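Each structure below is given as structure tokens.
Note that subunit A is present in both complexes that follow, paired respectively with subunit B and with subunit C.
Here is the complex of A and B:
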């Protein structure tokens, strides 16, 4: 049953970033791959985004950043999810992520880091794996 | 296809390496022929359709002598941290040979959010300079004569009003004010801000108010309108840039006519903010087609009499989205070709992107190289020698006609609906989504090749160098901002901000009230919030903070 379930992915941006080109395109490409995309768009606050993830029962969250505040926002977002008991929802980030920031992101539990040059198959492979792991863990717990 | 891990044969390798033409369409999607000749010119009349440089319809250039009479302005974008940080960056840029200063503000200042905003304060100073008060602009431009130094502000909301407030405080007459900014709020709505944060009607009103006040009070101030650059970066072709950009300008001009302004009072203050992407010939054709369409629209559509209204000036910033993260030094080649296209297209100023644009805020070295690229074009390549050097080329003339015809078609489609209605209905967003999606699909299929992205991608590279700066000055700047708010004459600020609200609410132009409020140390967030509320929107577009006091209360 688990395998057949469609991946439900919340995509959005945090903060004042207006560079929506990448994430809007990705939303469509993922839909083409059969992903159920809940597109929150730009201009989300950390609490607003966390609420949406919980309400939408997302299997995975994708955040896109084209401005330099992403370490701050990803940390705040992870903390918010954890404080609301949703810390195990996998989070992936994309956009202008500098290689120097991969290690700090990994420490926050961000395994999926995509950027310029990432392909849809790469992103899909990660999402399937992460969403499966999340659901299976949920199945064991419930 | 390589199988079983065996290295490919030399012959197979050579075959793979062969360069084939991947695409016969332009980068923007226009089909081209293998060659062009005299028969591809559809009944072109030199005087009617081209004209000498400096002559109607200005296809061949805005000025008779072009770069012999005035060299283009070599610009560099600067902006990070506190005003003191950006000031330091400007001094370095001018020392390296730049001739104009372009200030980019941080994302908070762009959106008129103060740096003490509880949700977004962490972004202060990160992507540009934080300028929440007139005092901060005064610090940035300490000792700079506002009537002489040409500062270009990459900034829309209240930029002019804040600079004008500094002029008022210094006793500088507004009619002598020199500089430019980009009052195209609709572009912001279209390029990622969205209709919730910035409704089209509100944007239109803010632009028309600002332009009206500027042309009536500061005729030497240049208005970057439309802001075609961001439209292109968000996902428009050269054809789309002209079509949507012209629709924006025409809408503003029509509203200004209703306020009793003559076209010849407005159009000479306008400069088109454009880009140069990687398709060399298509961009040259675009600049030429744009000038022709502008000239005819101003003369025939709006009844302009003054040649300065018909002669379009163009400011070009080379395309950031065209630059590639992989093997970033290749971007130096891209920027050189893009800058050359801008010059052969006859623009009045060029900001060459830095090669590290896809990586971070530009490093000092990258900024210097961007200036050097322009200096090489100016002094060695011969790009500036003769006006419109490609005029008369069978291909360039045919492409110029094609870009213009397609742009006119798209513009008519948009105007049929009405630009504001088209924005509200998501038509422009759809246009951009379609462009970006097909761009991506063409890259995936290999029809569109971008070196370092989907072809010839470099193997593992060392991490690119990154711009860093000490956040201490930004932190001190934010503390100083909070102290100013606590220590200023609160009653005066309330009165002035209420004036902004009341004036706008009554349907009048609140620019003067905004200037007065900034002089009284009102913040950018407060003044814009008052305008937003007068337009029936929440004080904070993000609905995080409430208005600091009741705007409806009667002033005392």
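Here is the complex of A and C:
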């Protein structure tokens, strides 16, 4: 066992969503929590973001949405990760997520959903837990 | 972090077979200071030696990432496989980082012929990270034709890039100061190629002139056999000047091929630096093992601090491994 592992998190937005204020703020807050944030910003494609997750060896991915198309995008993104052998990388979503959509997101395996009012400790607790579970299951380290 | 040897061996073989995920995972293990990586790194090192490493350095906001984005496009059009290793600073307060270089290269995200990896410098001061040299070994072994190595935004003295690249591009802008700045020691001495980016800005020509004058004086002193440092002008946002810059980079590698003495001098310096870094890493790990709380009775750091042991003898014993 060495020092505490540094969490690598890919943050970005898919499709035409341009509301970057939230995700930039989160990037800064996570930086202050000791996270290495790979910031992808807006206008990402599903395959492009999946490539980033693989090449950056992310422990977790955060997607931010302020448009209503998120169910479609999250499903497409999960499918893309799975098809490329990275379906085990945890995904969290944030932004304007309607309460009715929590169940369908959960069915896609999205456990971290952080809308307005979420706190940094909540997000960090989730990220640490999810990243640990992912790394230990991935088991190149012990 | 300890790693199962068989798994790391498998990762190395997969990376050599150009598996992006395996290469990415190896770089993470290197960054985390995993022990027992040396056999895998040896395998990777043996598989490499072919990549052209192009260093890109310069002050924050000069346009390094945007220039890298354009160079990727240029090399992809020439059907070369391109990797990028882009370093950004870690927070001195939290250790976290916002790695934002990749964001400028989004047009290449879906291209399987491009591999982009962001890296936090984790407190290293020379413009790169401590794990950068070994990460380059991984990328080289993966068979990327060109590796673009982007430093953190640097000032006057962060010159680690020269220790790892075959061609060093130093970016400057119209705000880079007057002719006196251009003759100061440090960063400006390590350029193989100067790139004045945002060349159409009003004061950019002043920078170009100052650099050309400096380069000219330097060339006379260094003689005909030396690499002729050039000054290129670019607009990274539009791609203007990129073809000419790529031609300069090509000339630099041709020069190294045609001048075995210069190439040997560069390579020997780089190998020496890398070996020293590996050795320093091993010594640091030994010190952690022996000085850690988990090794009662053998806390050499505490012993030296309390002056129960001699500093120099203990340090030498650490290297010899026979304390």
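Side notes on the structure shown:
The criterion applied here is as follows: the second predicted complex is superposed on the first by the 136 of 142 C-alpha atoms of A that agree within 3 Å, B and C clash if a C-alpha of one lies under 4 Å from a C-alpha of the other, contacts with A are read in each partner's own complex, and residues count from 1 in each chain.
Keep this in mind: a contact is a pair of C-beta atoms (placed from the backbone, for glycine too) under 8 Å apart; a residue touches a chain by one contact, two chains touch by 3 or more.
Remember, predicted model here, so these are calculated numbers, not experimental data.
Room for both subunit B and subunit C is found when the two structures are superposed via subunit A, with no clash between them. Here subunit B and subunit C are compared by how many residues of subunit A each touches, and C touches more. Seen from the CA centre of subunit A, the centres of subunit B and subunit C span an angle of about 100°, rounded to a multiple of 10. Within the superposed three-chain model, A:28 lies in touch with subunit B and with subunit C [touch as defined at top].
By the touch criterion defined above, A:18 lies against subunit B but remains apart from subunit C after alignment on the C-alpha atoms of chain A. After overlaying the two complexes on the shared chain, residue contacts for A:45 are found with subunit B and with subunit C alike. Shared-chain residue A:120: touches subunit B; no touch with subunit C.
Of the two partner chains placed around the shared chain by superposition, neither subunit B nor subunit C is touched by A:103.
In the superposition on chain A, A:72 makes contact with subunit B only, while subunit C stays out of contact range. By the touch criterion defined above, A:54 reaches subunit C but does not reach subunit B.
Minimum Cα separation between subunit B and subunit C in the superposed model: 6 Å.
Shared contact residues of subunit A, touching subunit B in one structure and subunit C in the other: 28, 41, 43, 45. Listed in rising order, the residues of subunit B touching subunit A in the complex are 107-108, 110-111, 113, 119-120, 122-123, 126-127, 188, 191-194, 196-197, 233-235, 321, 324-326, 358-361, 432-433, 436-437, 440, 444, 453, 457, 463-464, 466, 541-542, 544. The touching residues of subunit A, counted against subunit B in their complex, run 15-21, 24-25, 28-29, 41-43, 45-46, 67-69, 72-73, 96, 98-100, 115-117, 119-120.
Against subunit A, the residues of subunit C that register as touching in their complex are 1-4, 7-8, 11, 20-21, 24-25, 27-29, 31-34, 90-91, 93-100, 102-103, 106, 109-110, 115-118, 120.
Of all residues in subunit A, only 1-3, 5-6, 8, 27-28, 30-41, 43-45, 47-49, 51-52, 54-57, 85-86, 139-142 touch subunit C in the complex they form.
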